[in-house]
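Same chain, two partners: subunit A is paired with subunit B first, then with subunit C.
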Partner chain A sequence: MATPQPTASLRPTPPKRASTVKPILPPPPSTIHPTAVIASHAVLSGTHPITIGAHCIIHPYARIVSAEGPVELQEGVVVWEHGIIEGRGEGVRIGRGVIVESGARIEGEVGEGSLVGQGSIIGVGSVVGKHCKLAPRTILEPQTRIPDFTVVYGANNARRVDTTVRDKAETMTAREKGQQRQMDALRKLVPGNTAKWMT
Partner chain B sequence: MAQQFPYTYYACCINASSSASLVQKRSSHTTTADEEDEDRTFDPRSPRANYSLYPLEHLLYCDDCQQIRCPRCYTEEIVAWYCPSCLFDVPNTQVRTEGNRCQRNCYNCPICTSPLQVNPLEHSSHLAPESSNGASYFLGCPYCNWSSLDIGVEFAKHTGITAQLAKLKTARQSQAKKEREERAENTDSNDNNALNERPTRDDLFSNLKSFYKDALSSANPVNPLSFDPTLYNSPPSVTRLMNLYAPPSVKRAKAAKPTPMREAHSTSEGLLPLSPVDEDMSIARMAQAGWDSLSSTAQRSQQQHPTTKFVQDLWPAQTRLLTRRAKRCATCRHILTKPDSKISSTRYRIRILALDKVPRLSIRALSALHTPHPSFPISVSSTAATAPRFEYENLRPGVMVQFLLTLHNPLFEPIRVTLGTPAVTPGKLASRVTVLCPQFEVGANTDVWDEALNSSTTLSSKGKMQPGDGPVQAEAGKVWERGRNWTSVVVEIVPGFPGGAPTGIVPRTAEEEEELDEEDTVVEVPVFVRFEYEYEHPDAAVFEKMREEEGARVKEVPEMGRQTREVAFWTVLGVGRVAGR
Partner chain C sequence: MSPDLESITDTGNKISRRAQITGTANITLGGKTVIQSDVVLRGDLHRLPQRKEDGTMERTPTAISIGRYTVISSGCVLRPPGRNSGGTWRYYGMKVGDNVFVGPNTILSSASISSHVHIGASCTLGDFSIINSNVKILPGTVVPALMVVPPGVVLGGQPARVVGELGEGWGGGGNGVGGGEEAWTEGGELRELVRAIR
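Up next, the complex of A and B:
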């Protein structure tokens, strides 16, 4: 069940394969850290290299597509169901500890510790800074730049600087701790099949 | 009305200005007043009709007045106050003394209005070694990430947030006052004195409050013996003078009116004079911090002091309380709906819906129903969907269309219905309307199983014939089809010509085309529905008790035994739209 996704780019999305069937095409050249968890219903496709860092968790039905450019997930990235990360141009890099919630679609760079809310879209060539938060269903036009510690929220994509996390180290550590706990739980819950994508 | 055809609207408060008097005349359930109404055809196109047409689902019903009731003819009253955040009941007395905000730990984000959460703040040992217990708390917004740390507010414990916030606020206000005084001392300008007197917002509020209280309580606000020429300009003294010279009768009339009051003059009375120093300070701050530091209008409106200019000064807002309301008939004060006062329950204790008291009218094109008619009215819609679609948006002018008007009876007694329509619909698009059978009966809303068990006998289709290709032969004066609690009759409608003239004969000019409104192509048929039924009156004692409980004035107890009751109202059937030019 694919949720309808408004595409940020005009390019038609590649036709979705039935994810239960083993891909007919050879898997993309990927470097996957052994501690990463990739669900068996997740899809990695494309021809450019895909790098998945340590402790990453890719949920079922998430897709990582490198058809048009390489994709790099740094350490501890979580991609929830139906989240899509598409490599473009020089490549798309998702920073350490980024959480990509369900149905979000990323075609740009996301900095360390940011959270991309449900159903959000990050357009081609956009750069989201570190420790940002995109509220659910935020749509960033291509080539948007979001500075570090920005919260994008509300119907008009209002922005504010997250001074709490920026100025108080304690809140940052508390947040990271909470994230760590969640990741530990997820690692037990998500049935991993990382070996399938190892080349 | 941008709704899909076909639709039915029920009219209520057609002549709102006179309806109250009409109802009063009708105390003995006679229909004299109704007849006045009936003489006039209800015009769905009149500008006033916009305010009196409702779908049946939106209407209530008053058993006493025997009329449908819309939001314009019922009043609301508050049954209970509660906090949407903690779902706690707030007693009325507390609302009166402490206002309509939750006094517990419920706060909303001053930036985005989502409910705030109390979060622990763990001081790591190397950051704050002095901190004794190592933990404090702050309010955080889970949506926009605002937190009370942004305005420098931390709490020692996670309960009693309101008290802690109040303490912090007074501390802050006195701090600000001190700073302002220091600043005033440094700048040797003329308004030093004004600045020193400058009270806090809360002081100002209490000053103003006491000023108004005094002004209201003192019947004789100024001493008549003291001579002060400026006083004669103030309204109270003028009134006093007037009273001295006016004849006694005028005096009495004057006394009934509230006397105009003087406004606050000074800081001690609650007036906040403009202070140039303060203005300079905020301008400097704006210049330094930029646009993003200013609060929006929506954010200010949430604040206790709506003049809060800077985001930095926004204070978490206590959650506003919500209410549960009962609805009363505006004419007889009878309760129409009353929700359970318990917040956790979504049930109603009393709820009289028009849906349960008045037959539901639904209209469909007959040609859309070429499939055999089902015996259950519920399944009608499902088969209609599969039948060939009738284009309601594309009626042809001058070509007769047969519609099926079905009435469902929600009452447990059979009803006798009389329908009345104007022969020609009002408005520019004069369509001709004929109800083939305007008088008929609709069965009682009995147990569904009764019908299921002997469906062959109860179902009778008198006027129905096998539908052919052309218009169906429906007999005048005969019901088309009838079921357990529903009856269908055929309505023949000849849509009129938009613009009044048949297109073929007189070609319409461009101006005439211009004049034609989108609304002028809609075929809407006003239908007057009158139904009567016999009912067994409830036990007199029960009736009496019921009335006393509800606090309505006790009318004469109606006669026992079977009685006939009559209800009448206007509806509007939206049949379709005449095809475009």
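Up next, the complex of A and C:
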């Protein structure tokens, strides 16, 4: 194996060139809690208001788009890279402590404590209940309703009820504690640039 | 080589200018590796350096290491796996071997992927999954977290199951010899493919 080279050392030095990025639009009217972490490569765009609650973490290359409706992220929401939240109609509300994994696309409402797996799509006007879990690559058609504590999994969107979390309070607290630790670690590792989006 | 799209490092890695790489200091590429556009490499999610016995801090550990002649297609996400351990959340290193092909829009959080693995498009590889050498993963497969895949099998489904075995001929042929033959095969040497990508 050749000597590992950090990708930063490029040769020859890339020539300076004009940026092909479109002219930057004014940032959306957003209310961002000062404890939220928004990476500088995350994108907030649109014209409707965006509300980001306390302790939220928006990873680099995640997108929050309010072009067609307002977006509200409640306390402690994590949006991973390539995750997209698009406001539609009356608005999209993401509940407290929801994790939106890589490559997921959300155009509907998601209740408190739910997990949206990698590459999942939640269609327009869908409502996902509290403490649900969507397995990776789950695709919910528009206007789907998922009751609380449901797990959606597999190629045919099979559903079952997560009775362990529903009936045992200690499981729920353990899960919340674990998530809290993950968020603490992420807050140290993900460089935030929240000031960029403050209006 | 179109200068607008790719840049080549000292060791011959071809990295798209539109690749989305964070924490470059914690990523090692073995050389002759292709990173296409919109690929996310999360080098910033590394294990925090520990204090050594003599009181000094160790070097920041490598978050993602990728071998030679590996191709990461556009839209992929490589994110090191993490878990709760010893009261805190920790990230662990992620290793990808040589001659690995990763199809577009695949999300990888594996602990390790060995050499001569072919991963189809739109797959999801869960946290701490381990893929042994000479494995073919069909497009759209969802490999659950912590799964260990034995060598020489075909994986498919959601969640992933072993759907077949690879015969003796896997990865053979190709290599650009023999006129009309394809220059590369799934699971074989990807040197010709890497050379062809510009």
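Rule of thumb we're sticking to: the second predicted complex is superposed on the first by the 176 of 199 C-alpha atoms of A that agree within 3 Å, B and C clash if a C-alpha of one lies under 4 Å from a C-alpha of the other, contacts with A are read in each partner's own complex, and residues count from 1 in each chain.
In the analysis below, a residue touches a chain if its C-beta (ideal position, glycine included) is under 8 Å from a C-beta of that chain, and two chains touch if they have at least 3 such contacts.
If you're wondering where the values come from, they're calculated on a predicted model, not measured in any experiment.
S.K.: Please indicate which partner A:Val151 is in contact with in the superposed arrangement: first for subunit B, second for subunit C, both, or neither.
M.R.: first
S.K.: Which partner does A:Ala135 contact after superposing on A: first (subunit B), second (subunit C), both, neither?
M.R.: Both: A:Ala135 reaches subunit B and subunit C.
S.K.: Go through the superposed model and pick first if A:Pro49 touches only subunit B, second if only subunit C, both, or neither.
M.R.: After superposing on A, A:Pro49 lies clear of both subunit B and subunit C.
S.K.: So, A:Gly192: does it touch subunit B (first), subunit C (second), both, or neither?
M.R.: In the superposition, A:Gly192 touches no partner, neither subunit B nor subunit C.
S.K.: By residue count, which of the two partners contacts subunit A more extensively, subunit B or subunit C?
M.R.: C
S.K.: Report for A:Pro27: first if it touches subunit B alone, second if subunit C alone, otherwise both or neither.
M.R.: neither
S.K.: What is the contact status of A:His41 with respect to subunit B (first) and subunit C (second): first, second, both, or neither?
M.R.: second
S.K.: Determine, under the contact definition given at the top, whether A:Asp184 touches first (subunit B), second (subunit C), both, or neither.
M.R.: second
S.K.: Going by the contact rule set out at the top, does A:Glu170 touch subunit B (first), subunit C (second), both, or neither?
M.R.: After superposing on A, A:Glu170 lies in contact with subunit B but is clear of subunit C.
S.K.: Applying the document's definition of touch, where does A:Gly91 land relative to subunit B and subunit C: first, second, both, or neither?
M.R.: Touch partners of A:Gly91: none, neither subunit B nor subunit C.
S.K.: So which positions on subunit A get touched by both subunit B and subunit C?
M.R.: 135, 153-154
S.K.: Write out the stretch or stretches of subunit A touching subunit B in their complex.
M.R.: 133, 135, 151, 153-154, 160-165, 167-171, 173-174
S.K.: Inside the complex, what are the residues of subunit B that reach subunit A?
M.R.: So the residues of subunit B touching subunit A come out as 111-112, 119-124, 127, 140, 143-147, 149-150, 292.
S.K.: Write out the stretch or stretches of subunit C touching subunit A in their complex.
M.R.: Touching subunit A from subunit C are residues 3-4, 7-11, 13, 15, 17, 20-22, 24-25, 27-31, 40, 42, 44-46, 48, 65, 67-68, 75, 77, 79, 82, 84, 87-91, 105, 107, 122, 124, 126, 140, 142, 157-159.
S.K.: Provide the residue numbers of subunit A that touch subunit C in the complex, in ascending order.
M.R.: It comes out as residues 1-11, 14-15, 17, 39, 41, 60-61, 80-82, 102-103, 117-119, 135-137, 153-155, 178, 181-182, 184-186, 188-191.
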